[in-house]
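Pasting the structures here.
Two complexes follow with chain A in common, the first pairing it with chain B and the second with chain C.
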Partner chain A sequence: MVNEGKKRVWSDYQKEIADDHFFYVRSCIRQSFYPGSEQFFLNFLRNDLGKDVYENPSHTTCTGIGYHGDIVPFSTTQTVVARHFALMKESGYKNIAISCVTSFGIYTEILETWKHFPEELEKTREYLFKATGREFDIPENMAHTSDIIYKFRNEIAAKIKYPLINKQTGKPLKVVEHIGCHYAKMFPKHGVGGAEFPRVLSGMAEAWGGEVVDYPERRHCCGFGFRQYLVQANRGYSLSNTVKKFESMRPYEPDLVLTNCPGCNMFMDKWQYTAKEMEGMTFGSNGQSIPVLTYEELAGLVLGYNPWDLGLQYHMVQSEPLLRKMGIEINSEDKYRTKDGRQMPIPQNLINA
Partner chain B sequence: MTGSVIVVGGGTAGMEAAGQLADEGFSVTLIEKEQELGGHVREWHHLFPDRRRSSEVMSYLKKRVEKVKVITGTKVESFHKKGREFIVSTGNGNSIHCDAMLLTTGFDLFRSERKEEYGYGIYENVITSADLEMMFNKKNVRLKNGEKPERIGLLHCVGSRDEKAGNLYCSKLCCVTAVKQAIELRETLGDSKVFCFYMDMRMGGALYEELYREAQEKYGIGFIRGKISEVSTNINNRLVIKAEDTLAGRPLKMELDMLVLMAGMEMSQAGARLAESGNLLTGENRFFAPADHHFGSNKSNVKGIFYAGTCTAPMNITETISHARSAVADIVSYMKNSK
Partner chain C sequence: MEKFGFSLQKARVINYDSNDRSIVEYVLEREPSLKLCIECGCCSAACTTGNFTDFSLREMHILLKRGENNEVRNKIKKCMLCGKCILVCPRGVNTRNVVFLAKQAFQKYSAHAV
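Showing the complex of A and B:
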């Protein structure tokens, strides 16, 4: 592997990422499954970096899951996204920060559609105005939230408390990064580093001391694939895709999987549980499963946030093996306690706990 | 004949035409941007279909330019026409006058790193057809770690017939080059397995089809109809490729030691620069557009400027030499009539 070659590719895919004043749009699922991710992002930007991040309470889904599940027509999706742009305009913002790769794919697809088919843009303006009386502007800057964390990766590295180094061996932790199909595969120019050798997550992992693993099924889908999972009869296909990917990374004994997309995180985490339950399969070293973290969770960990404040206990694959390697001290008794000290129910049969 | 002609580009077409123009009695100046004449052929090992050594072609061409004034290591930056005369500006600040110009600026190899999915420049054992010729020349076909490759894939149409790369045209020579190189790999490496991944086998030249048959029957080369979609490496640093075998109707995953990308041909940067400075028309394929595809393939849209060789379209050495000779006939006719 020649790193100079990768750097040349990355230099072709440098995108402009706004520095401040973000209109933040939420994901449908990540707050439910990985609540610490959003909390870290908002807290880090607002309180650590002093940035202005605004969230409009009237914001809705982008319809991405319905669109890719073939139940929402494209004209509806365009109009819903146009409404978000109208909310942004009304709130006085020009930089959109999108916190979901599915949504990011929807937004990029729509902006590219409007660029190449201006009649679609005009039609959408008309639909939105007739339905809501609203008007909108196209954002001046559009970034995925991982782009923003990537932009500030060195600021995080400067304050790092627990680098991605195995405390016992002194070697870099091995990181599998997965950017998700809808981040850059459709429109490589919208992703940091493009689609083939993306930089957005690998840049973070390396800045924080880790070593990125390049394995044969690196580009393969996480297994979600929308209809692969949403149509119940297809779920075996969804699972087999995830297993294929994990079998390909197994020889490298990765210490963690770092994800970009809430959907990928969910499937790469939860299908490991399923594969273990159904077939007794594990993919990490020493017969363990591989912790799957979002980029915000990882950023929080290296900065020294309490893992339970980051919500790592809500993953199916528990992160204790990773925390031990990083030398992070944890208090197991706090794992399922609320902030005011109440004991929550403790899940049974946790993986890696 | 009297008069002066400047030939821009010292590859096969330029050398052949310059020699013949000198034989006709013209004062000929051949300008080449590299330090040495010869163009791409200089670095090639063998030519198809008869496996003639490239050095033989080079010897022939060098003899052709013995009576020609040759300027190497000099770029032609621009030119303009004043009356019937052309004034050519070179990179070193000089100007040269002439009565006619022949552009033989050739082609540039498609930059294979643009097809990011193949990992050229990133995976050490992904090379191009031109890299392989240099290995043949050095008699050292080896992997980066010095070991002998045992399984080798050759991928056709890299940067050709590829809308995404902006090249709709066929580069025409890559299929037969792949067949020739596959045979040479089998001869050089003995027990190796060699696979060609192709879209269509375009073997439309004299003895090409025979070579293709020989590759299958005598050398056991595998021809798989399907393009490679992506390349990666496994933990043993072997290449892992994904493709679709469209004849079998199945996806295919294969480990290889080495992958050779059959890089296509593109209009040279030097040619593009002259097209812009001289208002010369180019085609959809970005090569120089001849005044007439049937009756004026050497003529341009500017009187007194002529083309020869691969600056107009991909062509092999035989066609290039013929095209250079026909350009000379057109130049002779132009010089006679312009007196």
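Showing the complex of A and C:
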């Protein structure tokens, strides 16, 4: 194929990402488990890049976990999402920035539903108006927060302090990227690179000096699966999925896992602990586990933020081995200390600590 | 093992990279006719042991070739070495010798001792 043709084909896999004026919507679990991610995103966009990011305090869950757990009907989910769009309209924004892949999947599913079944859109308008008296517009641009970081990846690379290079060997760090099923597998046109060539995380890792690992189960689910996890007796399905994925990546000795979705991050992090407790399994090199970072945490690290300000200590698998490889100086005494100097309780049974 | 209220299920994929093919290689070296097996199942149909238990020689052959030895190691003890399977095999595989050699290989490699 001639070069022009290749460019044209590749352009079909791109998505338009807004440049400024974002209506930011939160995740249910991200702030609790990985608080540094959201803080980095808001701080970086507002203070470093000078962008306008607005967060409405009346925003609620998208109901995604309940919807995929079969306990929230679709009409309810549509009305809740319509209410978010109404809040966005009232705040005067047209570009939505979604910080959770589950929510992103819900939003894309609803927009596609409204496109193909306009009667559902009319019904939702009616439900929302009757319930709250609000009206809404469909957003002009919809981006996941990782899309926005991907868009500004070269700006980050220009300010890089600690590239993804092993300081001891001088070789690029091996990055496993996991984009999450609901990002582009359901509606490929909404993801950078579509379902076939997802580029959102690999683009970041490569721009910051890392090497992306291509392993057999690269596109396998992280194991969350909603229904499989919500009932305790079924969690073996979830864990088995995660173990299958990690066993597949083990021979490549990755230095870190980079995740897109708060749920994937939680499961790939915490199931490593569970697999170790249950079966004594570890998946990294030298019998260690593999640190699992969000894209914002990784962006913060390469920019030279303090790892404890980014909240890396809240992960189950500790990131000290990775920080040493990157040559980041860490102060262990500050790890569980608040900004005003109080000592927090130190968790037990941490991995890689 | 910690009690989590759920268990880890082993993946059902056949991993030819990590499976141990030493037993089947030992057998194939001494009884190359096993390569002719088309897994038709005549041996299992004719098998007296198979009539009364869940033993299946065809299954044994498949598992051996895949290198999934754990199941073979236990089940192969049921074979009485009567040799009826040799009489019905359309490909002329010396099936009794295959069983005999597999048992011998399990003895030889102590990790897999029968």
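As a working rule, the second predicted complex is superposed on the first by the 342 of 353 C-alpha atoms of A that agree within 3 Å, B and C clash if a C-alpha of one lies under 4 Å from a C-alpha of the other, contacts with A are read in each partner's own complex, and residues count from 1 in each chain.
Here, a contact is a pair of C-beta atoms (placed from the backbone, for glycine too) under 8 Å apart; a residue touches a chain by one contact, two chains touch by 3 or more.
Bear in mind that the values here come from a model prediction, so they are computed numbers and not experimental data.
**Q** Just checking: does A:Y237 make contact with chain B only, chain C only, both, or neither of them? Give me first, second, both or neither.
**A** second
**Q** Could you look at A:V9 and tell me whether it touches chain B, chain C, both or neither (first, second, both, neither)?
**A** Touch partner of A:V9: chain B, not chain C.
**Q** Which partner chains sit in contact with A:I346 here, chain B, chain C, both or neither? Use first/second/both/neither.
**A** neither
**Q** Answer with first, second, both or neither: which of chain B and chain C does A:A131 touch in the superposed model?
**A** So A:A131 meets neither chain B nor chain C here.
**Q** Return first, second, both or neither, reflecting whether A:E247 touches chain B, chain C, both chains, or no partner chain.
**A** After superposing on A, A:E247 lies in contact with chain C but is clear of chain B.
**Q** Check whether A:R218 is in contact with chain B, with chain C, with both or with neither, and answer first, second, both or neither.
**A** The answer is first: A:R218 touches chain B but not chain C.
**Q** With both complexes superposed on chain A, which partner does A:I71 reach: first (chain B), second (chain C), both or neither?
**A** neither
**Q** Taking the superposition on A as described, I'd like to know which of chain B and chain C A:T274 touches: first, second, both or neither.
**A** second
**Q** Take the contacts of chain A with chain B and those with chain C, and give the residues found in both.
**A** none
**Q** Along chain A, where are the residues that touch chain C in the complex?
**A** Contact set of chain A toward chain C: 232-237, 239-240, 243-244, 247, 274-275, 277-279.
**Q** Of all residues in chain C, which touch chain A in the complex?
**A** Per the touch definition, chain C meets chain A at residues 1-2, 4-11, 13.
**Q** In the complex formed with chain B, which residues of chain A make contact?
**A** It is residues 1-2, 4-6, 8-9, 194-197, 214-219, 251-252 of chain A that touch chain B.
**Q** Where on chain B does chain A make contact in their complex?
**A** Residues 113, 116-117, 119-124, 230, 232-235, 240.
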